[in-house]
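Okay, so subunit A shows up in both of these, paired with subunit B first and subunit C after.
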Partner chain A sequence: MKSAVILFPGINRENDAIAALKQATGTEPAVVWHGDTELPKTDIIMVPGGFSYGDYLRCGAMAAKSPIMRAVAERAKQGVTILGVCNGFQILTEAGLLPGALMRNASLKFICKNTHLKIENTDTRFTNLYGAGDVVDYPVAHHDGNYFADSETLDRLEGEGRVVLRYCDVDGKVDPATNLNGSQRNIAGIINEAGNVLGMMPHPENAIDPMHGGTDGRNLFKSMVEAAS
Partner chain B sequence: MSSNDFNSTPITPELVKEHGLNEEEYKLVLEIMGREPNINELGIFSVMWSEHCSYKSSKKWLKTLPTKADWVIQGPGENAGVIDIGDGQAAVFKMESHNHPSFIEPYQGAATGVGGIMRDVFTMGARPVANLNALRFGEPDHPKTRHLLSGVVEGIGGYGNCMGVPTIGGETNFHASYNGNILVNAMTVGLADTDNIFYSAAAGIGNPVVYVGSKTGRDGIHGATMASAEFDDDSEEKRPTVQVGDPFTEKLLLEACLELMATDMIVAIQDMGAAGLTSSSFEMASKGGVGVELWLDKVPMREEGMTPYELMLSESQERMLMVLKPGCEDAAKAIFDKWELDFAVIGTLTDTKRMVLKWHGEVAGDLPIDPLAEASPEYDRPWEPTPKQDRIDPASLSGKMSHVDALKTLIASPDLASRRWIWEQYDHLVRGNTVIRPGGDAGVVRVEGTNKGLAATTDCTPRYVMADPVEGGKQAVAEAYRNLVATGAKPLAITDNMNFGNPERPRIMGQFVGACQGIGEACIALEFPVVSGNVSLYNETNGVGIMPTPAIGGVGLISDLGHHATIGLKRDDSALIMIGAATGELGQSLYLKTIEGREEGAPPPVDLGAEKRAGTVIHELIELGLVRTCHDIADGGLLVTVAEMCLAGNIGADVFLPESGSEIAWLFGEDQGRYVIATRDPDKVLNAASSANVAAAIIGQAGGDALSIDGDAKVTLSELRSLNEGWMPSFMAEAV
Partner chain C sequence: MKARVHVTLKNGVLDPQGKAVHHALQGLGFDGVNDVRQGKFIELELDGTDAAKAEAEVKEMCEKLLANTVIEDYSIELA
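The block that comes next holds the complex of A and B.
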């Protein structure tokens, strides 16, 4: 099982991504520099969190134009499993691999805390080890996680089961009071049409060790590995 | 000034005064130079001899602080202190103030404070793994407080979050004495290999002097001089001297420096902080006993028409100066090219022991290095001790409020309300090693790839220091020690950030001298030496000084993370045991201030021998795995401590009243050297304490969903929680 982590200048959660992939795959992921034009042979690609290019211009906008992103888009087309977390999600939307955009949190503040998430679709290669209706606990750490898309796109995402994660409370209740950052319809993570690209704001890679206070994130990585093997 | 008239600007007495040099000091300048300096040279003397860079008022007393222990690799004098944490690794840390800039421009002031302290740490070859801070604001209803608090917190988060360094702890106080002069102290802890630590002493005549990082602009010129003067109503006009931070560039600089440090190309390295190129080049040359020739026209510049004067004094951020081994320039440059950072050879080391500044071939300045760097003025300023205050007699209290109402009032007060609103704006999880998050006694991060943990905390109780600088100085160190112990760490060393008013006033100087004495005594007794620090004086506005605030940053080591403690009560905890003795000290307590409206009395004394014995036995109990729940008793006293343990674990408790004596003093006294432990095996804890000659007694019982006193007078945890969590968000949401 081979995995790769894409590194842009300003990315800072690569360490965490590498640890999670290593735990799930048993091998060290390849680290690919943004200026490279080719990817190694790999079953899983992860675009980690951070502040690529300092979030200047717009979160993820500059990284989306990096040379390596052409190769990532090519692999996406070929059906390779691709996970974008936090800044990685922003980069994937800016690169057009996922619909919508991430705006500033409704509170206008950076938020770092644990949050409950409802797994809305367990029939994806990222979530098939979770049970239907499971509520999981991952941390978030972002300033721009407020998911936006027009209502036509949102309806389509919902209709096609492409909303994978939503902010909720401990009992799985999804409503404005449990909407962490103002996201449309409490959306925390979505997949592309083909189902091989997931973008999400919360950090499953920071919930893989009892020391983190919980290990709910492990199954997301395990699901990816099992689906890809 | 155009770039070529530096020899024609007349050096008038007014100009000398504007540069912050008094007549005596200017006489010394003339003596050292043997002639009148030109404007560039005057500017260099000005910043090098500023209080901020020269420590001229504080040096005499700082020298008295204990700085040695077997595990100290590098004490004060380098960019940061270094301690051995075993297995070939070292912790590198320091705390530094950015008070004046943060008052003028809170976001950028705080952000660049965080950026500066991280640079100090990675300059030594360490990867920053934890940030902390110590913040003091004016009283909550002062019109500026919300604006300053929100800007400072955003600035700290904006920089630290982008750098990918978790902010794991800190403290925040409010008091009217900070209305016109807030304190922003930032601390960074880094990890390095003991055989790959970098120092600043330049060596190797003919070796290239290299500039890396951001380009130099006109920001922050005379920042160090500003930091060495009192504030007045015109201080807002000093806004242009506040530096502007670019955390993205610093992240690149961090990665590029660590990549270069993994090779064998660097002789010496120093970050450009206060007084920029001047301070870094003089310090490197002075420590190495060499001379430098700098080619200022080669410095990467952000704007056109910059002068040598501006280049030497700019405090543009995210820059480093280094001396490379000869012939390494191209390989080193390739690393900085990869990270898209400027890299320029801007000079060479000479054997002249002089700093020669060249500007397109012309000499723009020529100064001796040692007299400037080493022979800076040192003052033995007159000082007066602070008069002692009387102990508070519990009989003098009105006792107008029930214990539970007093608890509810205290826990919702600005002094004790939850700081969650602040720390949720900091990424405290990035790097995936955070074991204890903010809100406990100390933050803890795992030493990556091991099962060891680094614990870190910042502490000071300024109202104690104000009332009795010696006891207050001891207390600040003792509280840092206690906060580390309470997590299961062995306390190793501290960094001190000495924030005081105008040292030219004997009363203020007396506070400084007293605090140094107290800190020194505590460091010796607790085997907890000072390895780095920073002094910030002249924290005054319109002649009103701040409360003396010697903020202490402590670092300790948890040898096995399988055995550590947190403050929250756990399901299997039953007995609550208080470790340490109490006589009911209410002087300067929050109860006295908040409930009785009295800010007075002698602060609680610190018995350093008892402190050490208690710390040692608790560390052992946690290390053996016998205790997993521990919280030190600090602001607010015993009842507040238990309430915090209940809230953190979401489990209630009953606290027993004493058989005799003042109930208020028992519940709310702030006697030092104490902890509350929760355990299901009280006998083991009591026996261990007894054989270590440490006072210990069962003072309550864990369980339920409310906090009660002697089985009565209940308050539910949900009510306590909403009081404790509610204050800051609603305060910050109110319109200014």
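The block that comes next holds the complex of A and C.
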């Protein structure tokens, strides 16, 4: 089982991504620099969180145009499992691999805390080890996580089961009061049409060790590994 | 030749920063402001003198990088 982490200047969560992939796969992931044009042979690609290019222009906009992203898009087409977390989600939307955009949080505040999330679809290669309706606890740390897409796109995402995670309370209640950052329809994570690319704002890689305060994120990585085996 | 690009949020896309600025202006006593929308201004210094060609090129820049057309509109002005 091989995995790779893409590294852009300004990314700061790569070591968390590496630790989570190592725990789930048992092997050290390859780290691929943004200026490279080729990826090694890999079953899983993770685009980690941080502040690529200092969030200049728009979060993820510059990283999405860097040389390595052409190779990532090619692998996405081939069906390789790709996970983008936080800035990684922003990069994947800016690269056109996922629909919509991440805007400034409605509160205008940087939000750094743990949040509850409802697993809306367990029939994906990222969530198949979770139970239907499971509520998990992952941290979030972002300023621009306010998911936006036009209503036609949102309806399509919902209809196709592509909304994978939603912000909720401890009981799984999804409503405006549990909408952390103003995202349309409380959306925290979506998959692409083919189901091999997941983008999400919360950090499952920071919920894999009891020292993190919880291990709810482990099953997301295990699901990916099992699906890719 | 110079190109000036304005990037603004599309109508219907909520602009929390614009709202906060509006609120702050009201706090300063500027009561006559009905709405505030915040955007970006980008100035490009270009080679060449062919305005039509320059405009086509800047349009492509906007589509590919300068604006995110999911949420933003842009306008181009050549000078």
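Please note the rule applied: the second predicted complex is superposed on the first by the 229 of 229 C-alpha atoms of A that agree within 3 Å, B and C clash if a C-alpha of one lies under 4 Å from a C-alpha of the other, contacts with A are read in each partner's own complex, and residues count from 1 in each chain.
Everything below uses one rule, namely that a contact is a pair of C-beta atoms (placed from the backbone, for glycine too) under 8 Å apart; a residue touches a chain by one contact, two chains touch by 3 or more.
Predicted model only: the values in this text are computed from it and were never measured.
Contacts of A:G217 after superposition on the shared chain: neither subunit B nor subunit C is touched. Of the two partners subunit B and subunit C, more subunit A residues are in touch with B. Using the contact criterion defined above for the overlaid structures, shared-chain residue A:N15 touches subunit B, although it does not reach subunit C. In the superposition on chain A, A:F110 contacts subunit B only, with no contact to subunit C.
Contacts of A:F51 after superposition: subunit B is touched, whereas subunit C is not reached. Comparing which residues of subunit A touch subunit B with which touch subunit C, the overlap is empty.
Of all residues in subunit A, only 9-10, 12-13, 15-16, 19, 49-51, 53-56, 109-113, 139, 141, 143, 203, 205-206, 208-209, 211-212 touch subunit B in the complex they form.
On the side of subunit B, the complex with subunit A involves touching residues 154, 157-158, 161-164, 246-249, 251-252, 339-340, 423-432, 434-435, 446, 448, 561. By the touch criterion given at the top, residues 57-58, 61, 65, 93-94, 99-101, 103-108, 146, 148-150, 182 of subunit A touch subunit C in their complex.
Of all the residues in subunit C, the ones that touch subunit A in their complex are 13-14, 16-17, 20, 64-66, 68, 70-71.
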